[in-house]
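Here it is: the structure, laid out below.
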Amino acid sequence: MDYSFDINSLDDLYQEVILDHYQRPRNKGVLTNPDISSKGFNPFCGDEIILSIKLDSKGKTKCILFDGQGCSISQASASMLTELLSNKNLDELKSISYSFRAMMRGESLSSGEMSLIEGLEVLEGVRKFPIRIKCALLAWAALEDGIEEYSVKVLKKEP
Amino acid sequence: MDYSFDINSLDDLYQEVILDHYQRPRNKGVLTNPDISSKGFNPFCGDEIILSIKLDSKGKTKCILFDGQGCSISQASASMLTELLSNKNLDELKSISYSFRAMMRGESLSSGEMSLIEGLEVLEGVRKFPIRIKCALLAWAALEDGIEEYSVKVLKKEP
Amino acid sequence: MLDIKAIRKDFPILSRTVYGKPLVYLDNAATSQKPSSVIETITNYYQNYNSNVHRGVHALSMEATEHYEAAREKVANFIGAPDSTCLIFVRGTTEGINLVASSWAIPNLGPGDEILLSEMEHHSNLIPWQRVAQITGAVLKFIPVTEEGVLDLENLSALINNRTKLVSVTHVSNVLGTINPVKELARKAHNVGALIMLDAAQSVPHMPVNVQDLECDFLAFSSHKMLGPTGIGGLYVRPSVLKTMQPFQSGGEMVKEVTFTSASWNDHPFQFEAGTPSISASIGLGAAVDYLQSIGMDEVRNHEMAITQYALEELKHLSEDFIFYGPNDISIRGGAISFYSDLVHPHDLGTILDQEGIAIRTGHHCAMPLVRERLKVSATARASFYIYNTESEVDQLVKALKKATRIFTNAYKKNI
Amino acid sequence: MLDIKAIRKDFPILSRTVYGKPLVYLDNAATSQKPSSVIETITNYYQNYNSNVHRGVHALSMEATEHYEAAREKVANFIGAPDSTCLIFVRGTTEGINLVASSWAIPNLGPGDEILLSEMEHHSNLIPWQRVAQITGAVLKFIPVTEEGVLDLENLSALINNRTKLVSVTHVSNVLGTINPVKELARKAHNVGALIMLDAAQSVPHMPVNVQDLECDFLAFSSHKMLGPTGIGGLYVRPSVLKTMQPFQSGGEMVKEVTFTSASWNDHPFQFEAGTPSISASIGLGAAVDYLQSIGMDEVRNHEMAITQYALEELKHLSEDFIFYGPNDISIRGGAISFYSDLVHPHDLGTILDQEGIAIRTGHHCAMPLVRERLKVSATARASFYIYNTESEVDQLVKALKKATRIFTNAYKKNI
C-alpha cells in the first residue's frame, strides 16, 4: 500500500450502527456455567474479548454473552456477533464465522453466504483500514477457538 | 586514515635485517626450567610467541629463547628481542620494552632511549602499516607479561 | 534555543505526506526519525569501505575497523563512560538487559536473593528478570507507582535491603514520562552491596546522561530512539563488574584460543560481541551521536521541556473525558504524554489521528502490568516529542483529538 | 552466463581505488559487497517510512510492518521454507546457532547425549556446542576431515548412533571450500531420531539452497555474506520443532500477556524476536534476495565454479612452496581457496597483496582447531569469490603472489 495519498473515509469505518453497538453493547456479561468459553486477545493493542455460550438440549445456542475491553471495532463486532448467533447450532456458527472472515478478506460471497452474515456488512468498511481488520475479527477468532476446544474436549472429536 | 591514495613502501616493511631474522631466527627454542616464561598470542591472526628466560645469580638475563609461529614481523621482532636483551636486569628489560613501544607509537625518543633500542630502528617502518604494529609488539607484550608475573609470583611485589 | 526549522530540514522524512497531509510525527518514544547525516554515513560505508572488521589485513577491513571502533569511542564518550572497552554494542536496550541477565545475574544470584524493579517497567526490563527469578530462585520486588505516576519511595529502605542484589529500573518511563531519581536509588543500592541497572532507552536520547555521574553499574539504550539506525544499541558496564561477567553468545570474535574441546575468551568488550557485528549500524550510531552533540543535549532537553509544557497546557482544553498520566512537574518528566478517554478508545483515536497525518502510539506500550493493573485501562494513547517537533504540531494534535471526540459524541447523542 | 560487466556496475565500491590501484575484492567469504539496490532500499526506508513495526496504527508503522514482513516472506521463500512463520530474523549465523543452542539444545539434552559436529567447523558452530556440552553433560563428537579436505564418512554409522541427538555441520567450509553431503547426513541423523542443523553461512549466498529438499531441521545464514546489510540473518526451524522450543531473549514483542510476575509467549516467529528488530537491515536483506533471484542462484553457482576452476589452475603456476587446501573436484567445492607457503607467511602475503589493491583474508578464519590441529599451520591465506569477480582479477592475484614470493626469495638468497 502507498499511504502517501490514499484518503480513507472515516465514515466507512465509524458507521452509526457500529458506534451504536460500541456505546450500547448488547449481551454483555459472563455466564457462570458456559458450555463454550473462550478468550481472544490481541497482544499488539491489548484488546480483549471473552465469549461465553450456553447451548440448549439440541446443541443450539441458547445464550451468548461477551465481555472485554478495547476499541469500538472489536467491541461492536463482538456485540453484533452475540446478536446474530442466537439459536444456531455449531455448524451454523462455523459457517457464519467463515463467511464473515471471507468478507473481511475481500472475497466475493454467494448470496447464501451473504444472507448468513446479514447485518455484518457494516463492518466491511473496516477493510479500508487493514490494521483494524484484526479488531473486527477478534471475537470471531475467539468463537472459532471456543468451538474447536469444545469439539475436542466435550464432543471428543477432531474439529 | 585514507587508504585510497596512500602508497606505502614495502621496502620500509621488509627490510633486509628483518627478513634475515625471519629466515634465520636467533635463539629459537624453549628452555626447560625458565625463570620467566610467557606466551603472546594474537587471536585475530593466530600469531604466537613463547618467551623463556633464565636469569643469573645477579638477576640478569643469562639466556633468552623464543619459540612460536607467525608472520615475518612478529618472528623477526622476537628474534631481535632475544639478541638485544641478553645480560640485562629486569628494570633494563622494562626500559627497553617501553622505549620500543614509544617508538612504535611514533613518539620522539631521547638519545638515551634511542641507544637502549639500538638495532630495533629497522622495525620503525612497520608504523606505516598500522595493522602490523601488533605483530612487532607481540614478543614485547609477552615479555612485559612475563616480567609482571615473575614480579608478583617470585618477587612477591606489585610490579 | 534550537533552530527547529533548520533541524527539520535535516530529516528527509519530515517532508513526506500521509494521505495527502503533512506528516506530524509524534511517536518518538517508539522510534525516532533519522537525519541525513546518519543516512549518508550508512550509504558511505556500503559504497566505500564495507568490510568485515577486526580480522583483515587489507585496506577496507582496516578502514571499517577504524570507523567501527571510533563509533564505539564516540558512544562511550557520549554517556560519560571511563573508556570505550566498557561499552558493548548490542542490538538494543532489550538485548543489553538480556545480556546482563545472562552474563551477570544468572551466574550470581540464588534463592532468596532479591531483584528490585519498579511497577513502571517496559517488558524488556521485566521479563528477563522474571526468567532470572525462575532459573535462580531469586525473588522480584517492585517499587510501587503513586497516583501521580512517580515512584513511591516511602518504603524504599524495606525494599532495598540486605537480600537485594540488583536494582533495575527505567531512567525515564516510556508511558508516564516520569524521570526517576536513579542516582538516589544507585546510592541506596550500593549501600547494601547491590548493583544497579538503568533502562536508559528513554533518557539517553533526550537528556544529558553520564554513567559515572549517575553511579550506575549497567546502563542500556537503543540507537533507533536517538536518531540512529535500527539494530544497534549500547550496554555500559562498570569496568570492575565487567571483569566478573560470563560470556553471552558464543562464536567467532569473542574467543582467544580455541581447540576442539575448549576455548578461552577474548578481552572485553569483544568477549560479549560474538559473530560479525552490525557494522553499518554501529557507525551510523556514531553519526547520530555526532549530530546530537552538535546540538547539545542540554538544548535537546530544554526544547522537550518547553514543548511538553505547552502540550500539557493545550491538551487540558479537551473534553473532561480525557485523563492524563504522569507528573505535572515538568522538571521530572520527559517528552512522552499518555492519555485515555472512555469516549474514544485509544485505538480509535490512533486511526482518526492517522487520517490527519498525525502519528501517535496507542496500546500498552510494552508496559502491560503498569497500564492494566495500575492505570486500570486496556490501552492509552501516547504522543511523544523530539527535537524536530513544533508547537504548531501540538496544535494539530489537539485539533484532531477534538475531531475524534466530535465523531464519537455525535454518535453518542444519536444513540441515546 | 552472467554479464559480469553489468553486475560490477551495480556495486559502487568496486570502482574505488586502494593506494591508487583498483580494488580487487577477494574476501567474499568474510563479507560480500552490496549492490546499489540494497543500499537504496535502506536509504529509502529511512527517508520515507522509518517507524517501529507491529505495534502502530499510523501509516508509517503500517508501511514499515508491511515491508518488514514482506522481507521475511522473500527470505523464507528464497531458502524454500514452507512458510514465513518458521523464519526467524537473527543478527547473523552466529546468533542463529546460539538461539538453537539456548532454545532447543539446552532444554532437550542431558548427560550422555551426543552432539555430532565436524572438524571443519567455524567457531560459531563449535563454541555454542562446547557451552551446551558443559551445561547439559552432552558429549561432542567430530566427523574427521581427510587429507583431501572432505568429511571422512567411513565411521559415520558409529558416529551417528542412538545417543546422537543433534548433528550440526557446516554446509560449505569457509576454509576448505568443501561442500558437505548434508542431505545424506540429514537422513542418517533422522534415522536415529536426531535433528540436524546446517551452518549455511557459506552456502545460502552462493548456491540454490532449499531447506525442505535438504531435509534439515535448523539452518542459519548471514545477510552480510549474501549482498545484504550487516546485522541481520535468518534462522529456519522446521515447524514441528519450532513449536517445542523455549523462548530466547525476552522483552517486548515476544510476549502475549504480561503481569508483574508472569508472561505468556507470542506466536512464532515473534516469540524469538525480543525487542525492536533490525528493521532496515531486514528490509535490506529482502532487497539482496531480490537481486540474487533476478540473477538466478544456478547462474551464481555456475559462475563461481568457473572462476574457482580457473583460479585453481592458475595458482598451480606458483612456486612449489604453496600448499592448497580443499578438494580438487569443483562439483564439491565453493568459491573459497585457502593456501599456505612457508616462504611467505599468510600475514605477509596479505600485506603485500593489499599494497596491490587486492583484498584477501589471512589467519585462522575462525576455524582455529581445523587450521592448527588438522592443517597444522598457524594461519592460511584465503581468496574467495563472488558474482562480481573476474578471471582478470584472478590473474592479478597470481601476479601479486609471485611478487610476494620474489621479495622473500631474494631476501632468502641474500640471507644464506
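As written, the chain order gives the labels A, B, C and D, with residue 1 at the start of each chain.
To be clear about the criterion, contacts are C-beta pairs under 8 Å (C-beta built on N, C-alpha and C of every residue); 3 or more make two chains touch, one makes a residue touch a chain.
Just so it is clear, the model here is predicted, and its values are computed rather than measured.
Undergrad: As a test of understanding: of all chains, whose mean C-alpha position lies farthest from that of chain D?
TA: Chain centre farthest from chain D's centre: A.
Undergrad: Roughly how many whole angstrom separate the Cα centroids of chain C and chain D?
TA: 32
Undergrad: Taking each chain's centre as the mean position of its Cα atoms, how many Å separate chain A from chain D?
TA: 46
Undergrad: Please compute the C-alpha centroid of chain A, do the same for chain B, then give the distance between them in whole Å.
TA: 77
Undergrad: Return the residues of chain D touching two or more other chains; collapse runs of consecutive numbers into ranges.
TA: Residues 16, 18-19, 49, 55, 57, 59-60, 255, 257, 347, 351, 362-363, 368 of chain D touch two or more partner chains.
Undergrad: Give me the residues of chain B that touch two or more other chains.
TA: Answer for chain B, listing residues that touch two or more other chains: 3, 44-45, 131-132.
Undergrad: Chain pairs that touch, all of them, please.
TA: A-C, A-D, B-C, B-D, C-D
Undergrad: Show me the residue ranges of chain C that touch chain D in the complex, using the header's touch definition.
TA: 12-13, 16, 18-19, 23, 25, 27, 30-31, 33-34, 38-39, 42-43, 46-52, 55-61, 91-95, 97-98, 119, 122-128, 130-131, 140, 142, 222, 224, 229-232, 249-255, 257-263, 274-281, 347, 350-351, 353-354, 357-363, 366, 368-369, 373
Undergrad: Please give the residue numbers of chain C that touch chain A in the complex, ascending.
TA: 16-20, 344-348, 351-352, 355, 362-364, 368, 371-372, 377-379, 407-408, 411-412, 414-416
Undergrad: Which of the residues in chain D end up touching chain A in this complex?
TA: Per the stated touch rule, the residues are 49, 54-55, 57, 59-60, 62-63, 66, 255-257, 266.
Undergrad: For chain A, which residues are in contact with chain D within the complex?
TA: Counting only chain A, the residues touching chain D are 1, 3, 41, 43-45, 130-132.
Undergrad: How about chain B: which of its residues touch chain D in the complex?
TA: That would be residues 3-8, 10, 13-14, 16, 19-20, 23-24, 44-48, 69-75, 129, 131-132, 135 of chain B.
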